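Consider the two complexes below, in which chain A is the common component and chain B and chain C are the respective partners.
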Partner chain A sequence: VAIDTALIAKHDSFVDARLGVRERFLTLRAGSGRTVGVLREPLESRKALGWVVLHSFADEFVYLNRAEVTLARRLASAGFPTLMFHCQGYGDSERIDLTPRFATHLADSEDVIGQFTAIADVAQVGVVGMRLGATIAARVAERTGVASLAMIAPIVRGDRYVRDLLRTQTFLHIAAGTEEAGSVEGLRRTLDSTGSVNVRGFSLERDVLAEIEAIDLCADLTKLEARVLLVQATRTARRESALARLSESLVGVGASVDSCVVTHPSAALFGGKNFQAAGTDRLADVLSGLNEAIADTVVAWSTTGHVPAAEVSAQ
Partner chain B sequence: MKEYPVFIPSQDMHLGAVITVPDVDPRAVVLLLTGYGGMLRSQRFALWTKTARLLAGHGIASLRLEWPGVGDSTGDVLADFDQLPIAEAVAAAKFAMSATGTTRLGLAGNCAGARTSLHAVRELPTCESMVLFFLKPLAQAIDSKSLTGRAFAIGQRLPRFVRAPLRALYFARQKDRRGSEIEDALLDVGRSVDLLLMESKSVLAGSVPKIATELTGTERVFELRQLDGTSMVAFEEPSDQRYALESVVDWFARSFSDLGEDARRSSSVAAHLGSEHSGG
Partner chain C sequence: VVNVGDRIRGFILEEVMLGDTTRELKSDTPLLDGILDSLALSQLVGFIEEEFDTVVDDADITSDNFRTIADIERLLSSRN
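Here is the complex of A and B:
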């Protein structure tokens, strides 16, 4: 066979001397199939705690990736082995035709976490997620009993998340100037009559959305004896009431909670299209500053056990 | 079929990529390139992952790549249409050919990936076939805060019958500045490799049909297909995703077919929308 497997094997990892990190591709088992993961590990002074990053839903898988990779590299550079992977139905996963849903995210994540301590040679596990990934991380943390949980801009109420998904779809049609702009109500009627609706290119079935709409994180969590970091990413420093309620609920089920508000002028785009035109024929990631500030906050909390400040202003 | 994720060294960076190989010795290898905007190697809606796996079924290997600073690639993000990542594409293509043991090469790219392919092919003499999605020779990324960007935003609110001629006028004025260089490259490349253009309706109103006419009748196979969408909603309709996937797989299966000239020239994928130009 013509394939040069020796050449390929030689390139499945590399060392970033500047960060003091080795990055290595892995094949993992995740739910109903195999998937690809990347383990980022420190070259020296390895901590006992390792982190698993749980990605978000639908196109947030793509749009939050830069924030997640920034965080993973920073954590690894600070001594925490950190694993990222693709759930089934996304990216490089084996079951790419599978329609991902909240339940498959949970099953895939639990499967990978079960392999993580042996792969990364760590004694303790932390899980971190952003937006719906944070909600998934909280549920997985409860089910697997991990030591630490970091939730970045978590979705507390699934019904509001679904409403925003549908609303974004109507805005997209308006912005693109298509005739079928419609409304959230119109999309719901389509969902009822056809059983699915196209949201930003993802064909979302009624029961997939219903599963997400049923999420009420404050009520869903019953026992979570972990250290929890709750990060709010917003334009202004005003504390979101939903996150304040979540913080109280987490304490009520046994967690020890630290909170931090990270402000950034474009924070409203977090989870959406982060590359915007920046002059003629040039795009730029308008959320780079926010991503860096989030990574700094999580790393500081992981290292010292405290948030650096209750409020962080990112540029 | 087997898949191997790799980090490809390029200058002082490492580019995240996945090589997909068939169970037999590959007949060719195709480089799958995304556009700008932080797209991962799987492409939007995993189009490149699905393409790679279907190509393997036709005995064709592939490498799908992430640009610097995107996904698992290191380096600073490059998202400037005047500084395309040509060196990175060439490095990835050479790696793909070494790893898969074939020099028969195809290139497929979307938007900035298409424009990059158009330049990279000059340094890849064994490239035989290309698929370019949304090359958009006349399109530009426009800052929404600029005067032009604000005018565009206002224009979006106008009725379509007013918007269309204004848009045509804008592109006509931009043509010499932006379009000519890309159009010249397109004509040049279309004479030396098999070329499938997948373009949006708005571009079909410009000079692309004229280019299609010029390329039809050359020794190489040329097709122009219409795929609905704009920069904001490209591939967002499931039917467009299917059509894109079928078209690119069918194209490379024909390009690298052992069945001879006739197979190269006869598509099994029906045109999706509107007109289609083919010949060569």
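Here is the complex of A and C:
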């Protein structure tokens, strides 16, 4: 049987002429196996800096994908080659059987960043992540010494993040009238007795959650000589004290930090489901405006070195 | 001055019911019978924590505290 490699090569990419972007599908080495990546490159005027998007954890991995793709396409359209990939244990990875952990996210990401400059033909690397992906990006930036780091609504305290994860399951039970099956305290008891707990369909293991609960980003980072963009996504323009502390800590370990608040009515849902009922017979993406505003902010900062304004209001 | 109940009512009307004026939303309207789903509950707790500068404890995340706007008001007043 003859394999038509030219035909295969012809279909390994897609050109979006409107955005001026080519999307190319790659096989990458990531930790304990291979994975699939999507490299988005500008058709013209390529910048020296390229971005690697580091995805988040559990169901946020699914729900933040639209925001990550929006950002990656915008960055590529503005001239910055941008790579997205799946860590081991997620959809397109070879080791789909593995339980993803914070440590495997870090190792897989480091591995991919090591390949990125050659793949994307860039001189400098930036890493960007959202929610726990931003926390991972900060730790990876410290370990790899990349030039730029963009953190979108980062998780500063892992114990708070795990609490919120468990709460989302409790909200499901309350709304379904099966509360006795899933109070936060009940879920913690289940976690202790069985070693795992179900949160919105994801089985989360006790030791994986314990690893995340131990995260205290302000204390964990010890040296970070990078340009950092810190974006807070919130309903109101009130600055979160946790992010203010993180900004101070980043400066304290050597980073140059720009902060920005992006406000949106649905910002509390960032990291959750995009689609909500809008009337009796249709759903609407309630986060698209926020995703666009975040992308605008990161692109502006990447291009000019400044945030467009201290506060960005998105509709 | 807009009171606590009106601020919560305003949030639910605007952000959860998306301005649907065909349904009444009184202090004793059952919220868990078709108004608040799990996402809306999550959004509401986030709003309460931010708007009233408070932290809702895990033990307070119960249907008894979120059945009506009056229940939520009682929860918040018990914390002051």
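In this text, the second predicted complex is superposed on the first by the 303 of 315 C-alpha atoms of A that agree within 3 Å, B and C clash if a C-alpha of one lies under 4 Å from a C-alpha of the other, contacts with A are read in each partner's own complex, and residues count from 1 in each chain.
Operating definition for what follows: contacts are C-beta pairs under 8 Å (C-beta built on N, C-alpha and C of every residue); 3 or more make two chains touch, one makes a residue touch a chain.
Values in this document were obtained by computation on a predicted structure and should not be read as measured data.
Chemist: Figure out whether A:218 sits in contact with chain B (first) or chain C (second), or with both, or with neither.
Modeler: neither
Chemist: Once the two complexes are aligned on chain A, which partner has more residues of chain A within touching range, chain B or chain C?
Modeler: It is B that touches the greater number of chain A residues.
Chemist: Which holds for A:43: it touches chain B only (first), chain C only (second), both, or neither?
Modeler: In the superposition, A:43 touches no partner, neither chain B nor chain C.
Chemist: When the two structures are overlaid on chain A, which partner does A:98 contact: first (chain B), second (chain C), both, or neither?
Modeler: neither
Chemist: Quick one: is A:69 in contact with chain B, with chain C, with both, or with neither? Answer first, second, both or neither.
Modeler: Only chain B is touched by A:69; chain C is not.
Chemist: Have a look at where A:14 lands relative to chain B and chain C in the superposition and call it first, second, both or neither.
Modeler: A:14 sits against chain B, while chain C stays out of touch.
Chemist: When the two structures are overlaid on chain A, which partner does A:106 contact: first (chain B), second (chain C), both, or neither?
Modeler: Once the two structures are laid over each other on A, A:106 reaches no partner at all.
Chemist: Look at A:210 in the shared chain and tell me whether it touches chain B only, chain C only, both, or neither; answer first, second, both or neither.
Modeler: Touch status of A:210: no partner.
Chemist: Is A:274 in contact with chain B, with chain C, with both, or with neither (first, second, both, neither)?
Modeler: In the superposed model, A:274 contacts chain B only, not chain C.
Chemist: When the two structures are overlaid on chain A, which partner does A:172 contact: first (chain B), second (chain C), both, or neither?
Modeler: In the superposition, A:172 touches chain B and chain C alike.
Chemist: If I apply the document's touch criterion, which positions on chain A are contacted by chain B in one structure and by chain C in the other?
Modeler: On chain A, the residues that contact chain B in one structure and chain C in the other are 172, 175-177, 273, 276, 278-279.
Chemist: In their shared complex, at which residues does chain B touch chain A?
Modeler: 2-9, 14, 18-19, 21, 25-26, 36-42, 44-46, 49-50, 53, 61, 69-72, 74, 77, 79-82, 95, 98-102, 140-144, 146, 149, 156, 160, 163, 230, 232-233, 235-238, 241
Chemist: Note which residues of chain A are touching chain B in the complex, please.
Modeler: 1-5, 7-8, 11-14, 16, 23, 25, 36, 38, 59, 62-63, 65-66, 69, 90-92, 96-97, 172, 175-178, 198, 200-203, 273-285
Chemist: Using the touch definition from the top, list the residues of chain C that touch chain A in their complex.
Modeler: Going through chain C, the ones touching chain A are 14-15, 18, 32, 36-39, 41-43, 45-47, 50-51, 58-59, 61-63, 66.
Chemist: Would you tell me which residues of chain A are touching chain C in their complex?
Modeler: The contact residues of chain A facing chain C are 163, 166-168, 170-172, 174-177, 179, 183-185, 234-236, 238, 265-266, 268-269, 272-273, 276, 278-279.
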